[in-house]
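For reference, chains read A, B and C in written order, and residue numbers begin at 1 within each chain.
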Amino acid sequence: MSRTAEELAKFLGCAVEGDGSVELSGVAAPGRARPLDLIYVDTARNLDRAARSQARCAVIAPGLTLAEKTLLRSANPKLAFARAAAWLLPSPAISTGIHGTAVISPTAKLAPGVGVGPYAVVEDGVEIAAETEIGAFCFVGRGSRLGKRCRLHPHVTLYPGTLLGSRVILHSGAVIGSDGFGYVAGEGKHWKFPQVGEIEIEDDVEIGANTTIDRGSLERTEICAGAKLDNLVHVAHNVRIGENTVIAAQTGISGSAVIGKNVAFGGQAGLGERCEIEDGAIIGGQSGILPGKTIRSGQIVWGTPARPLEKFKEQFAWLGRLPRLAEQVRKLEKAIIDK
Amino acid sequence: MSRTAEELAKFLGCAVEGDGSVELSGVAAPGRARPLDLIYVDTARNLDRAARSQARCAVIAPGLTLAEKTLLRSANPKLAFARAAAWLLPSPAISTGIHGTAVISPTAKLAPGVGVGPYAVVEDGVEIAAETEIGAFCFVGRGSRLGKRCRLHPHVTLYPGTLLGSRVILHSGAVIGSDGFGYVAGEGKHWKFPQVGEIEIEDDVEIGANTTIDRGSLERTEICAGAKLDNLVHVAHNVRIGENTVIAAQTGISGSAVIGKNVAFGGQAGLGERCEIEDGAIIGGQSGILPGKTIRSGQIVWGTPARPLEKFKEQFAWLGRLPRLAEQVRKLEKAIIDK
Amino acid sequence: MSRTAEELAKFLGCAVEGDGSVELSGVAAPGRARPLDLIYVDTARNLDRAARSQARCAVIAPGLTLAEKTLLRSANPKLAFARAAAWLLPSPAISTGIHGTAVISPTAKLAPGVGVGPYAVVEDGVEIAAETEIGAFCFVGRGSRLGKRCRLHPHVTLYPGTLLGSRVILHSGAVIGSDGFGYVAGEGKHWKFPQVGEIEIEDDVEIGANTTIDRGSLERTEICAGAKLDNLVHVAHNVRIGENTVIAAQTGISGSAVIGKNVAFGGQAGLGERCEIEDGAIIGGQSGILPGKTIRSGQIVWGTPARPLEKFKEQFAWLGRLPRLAEQVRKLEKAIIDK
């Protein structure tokens, strides 16, 4: 389906400059764009590439211009472009209708418009709200409840009792609701501590490929609305991740950690048990936060053990200056002896 | 099914104080417990929460008391609670009977009471002992042998020839017996070194979601009895992990490492090739152990490269004192010049 | 099938010493070898083990000798052994023929000799070249194109539009072509940036279990010929990994990083966005490379932030000497005061 620049401008709430009748059917980077693709330009640095693009229409920041192209003005061109992409290119269906090979319990309740792909398994007592799509080989354990318009790519596993809000996106290989890692040592062995708590993923969460999120042991694991987790992230039992927090790939979060809203994690960060990360903190890639520590709201930390970024940088600089410092000391010793 | 406090006390070998006839059907944290749930109290700090709980029965440490509740005395309340949980709440079945969609080779031998879930695949020559449960979408490669009462959650992959002891628990997405990462460089490319060795997981091992364990190349990869591996752990070819060793999430163990008994790994630790970790050592989270290094029995190490914890802490403290040290040197220089 | 030492020598281009008629049907480590197994000896240190082996034939380095065994001379015995293994023991079939339970779109094109295992799903418009084997539960998304003689172990997911060259090996749980992790913040939430780019894996690439490789956002993710990725590796959108680069387990590569040829990564390394790693560089295990940094051709780096290995070692040594340096300063202060 194609739209005109004018229709798109109306959808985005942008002003149009130039020919509003140019048609658009996709989005692209400037160097790969074809005439029907939308591009975006957020800084003057990207103007040249955009000018050479075959695209006929661009979302563009105030103060920039491109000859011979239709321009959609936006204070945040990248955001407008993202919204335009979702509007021009709705996500392709993961599954349409109920595939004949899907194994669906007679006690499961599927709302109208739910899609279930080949070889998916939906167990007893599951409830799936309207327009949610379940990919091939997904496993939806008994008693799970899924909101509207979720997208489960192929090979997602939901352990029994998993709760998903609406518009949750789960990528392939994600495992939700597995047992937490909890044992009690005694009599020369490790006894499994009960892992019978809850697991809830709220609205608009997206979870990357092969990420694992354990259920609560006796409490609840909770991923709050709008949080985004990259691939291969580990979330242990009883963790709470606040609204709109963003966690890059391969980060690991230990049991009972409490993470606020709008926190940002670099990749491969590690949190010890019962950490508290307050709203808006930024955790640098590969940082390690000790068990029980609190990172204050808005703080930026780095390193293992994690410390404020400025302190890390200062210490790192001193580390580089050590040979010189040692040389100074040697000279002083010599000077003292000489006297 | 519910039991009385008295029956549970007998199972646990505890003394009962108060009404032994109260019924129990589950376990919970104090704040979430309903009247039929068991709770536990291991320190005085948790007494208040427990006193306010709806639970009518608690496992409790010596010297503590709670009015109006039935008390089961235990020197290790958390352990008693874990044992009680397993007794009151047997793990729900992963699969019961052989699902009609399972593809099972005619040459596979399944003992009585084995469960195989929908769309599982069991290849030629596989042997599965009594009461083992195979979840949906599990793949059991040819010639694998599984002991009694194993639990394979949905989406587990066993490469051909995998050996599992009894009571092994494998969480979803675990991959056991994949090829190790071994190549020989020559003539401008990497030639695959044969990865045709063995893989054995002994009794009572539990392996987390999306963890990967490679088979031996020419030798054997071996996870000994009672070891527990968390999610997203990587174990390379020819590794040996000793009895009751515990490995937290996202730790990676390189080829031919030898790990003793009762070793504890924090999350995201990394071991180089041919490391040796002796019995009872403790490897801090995110530590990195260089190839070929030995960590002695009972040692606690941290950092990359890993060093004894006390040394790490001392060096870290010095790092923080460097600005002051430099200031001292500056003053000394000035003093010398002034003289 | 067994071969003679003489036939093998001809295949490898080696000289034979001793009885060329001994038969060979497999490969093994010296301690485990049976009479029909080939072993190899690359250093004098391994001669004793080899001498005690039941094996009757060894590939051996120049200048070494073993009594009573047939010797195949090679300047690179390990390479010759790897080549011999592939010749004596062809990889066992993952799938033979099209299993009756596979769901294959009528618009998919499968060349002769393609194998598709039980419960695999091959979507619309897929093209699979000759002799490629698709394991059980593999998902091949619409429009994907797979070259010749690829091997997809069970439980591999290819998102729509994935391109694989020839002889690509994908281990179980690998996810190829998932959405990159890209959002635009605005109006108090994270908007999904379009993840509609391409993903191409070239010839002779091998990818480990549960590794995830995201598609391009607007551009392309590309794993070039001969690259080898271990288990649980993360590759983000728009990354390019050059020919014959080798990446150990649990390494994570952020968006738009460009990695040259013949680069070697230790395990658990992390690369920031838009890094550039030039040909032949070596990135130590657990190293962290800051966003936008360049590592020069042939450099060896370690640590976070990554620095040249020599510098890391020097700084690490200084860290250990700090207590002594502080003691020197204390003595100087005392000396000054005493004067």
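FYI, a residue touches a chain if its C-beta (ideal position, glycine included) is under 8 Å from a C-beta of that chain, and two chains touch if they have at least 3 such contacts.
None of these values were measured; they are calculated from a predicted model.
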item: Chain C against chain A, contact positions shared by both copies (same if over half, else different); value: different
item: Cα superposition of chain A on its sequence copy chain B - rotation in ° rounded to nearest 5; value: 120
item: For chain A paired with chain C, centre-to-centre distance based on mean C-alpha positions, whole Å; value: 27
item: Residue list for chain B, restricted to those that touch at least two other chains; value: 119, 137, 155, 173, 210, 232, 250, 268, 286, 319, 322, 325, 329, 332, 336, 339
item: Residue numbers on chain B that touch chain C, as the complex places them; value: 103, 119, 121, 137, 139, 141, 155, 157, 159-160, 173, 175, 178-179, 181, 183-186, 188-194, 196, 210, 212, 214, 218-219, 232, 234, 236, 250, 252, 254, 268, 270, 272, 286, 288, 304-305, 314-315, 318-319, 321-322, 325, 328-329, 332, 335-336, 339
item: Contact set on chain A toward chain C in their complex; value: 26-29, 32, 76, 78-79, 81-83, 85-86, 89, 92, 99, 101, 117-119, 135-137, 153-155, 169, 171-173, 204, 206, 208-210, 226, 228, 230-232, 244, 246, 248-250, 267-268, 285-286, 303, 316, 319-320, 322-323, 325-326, 329, 332-333, 336, 339
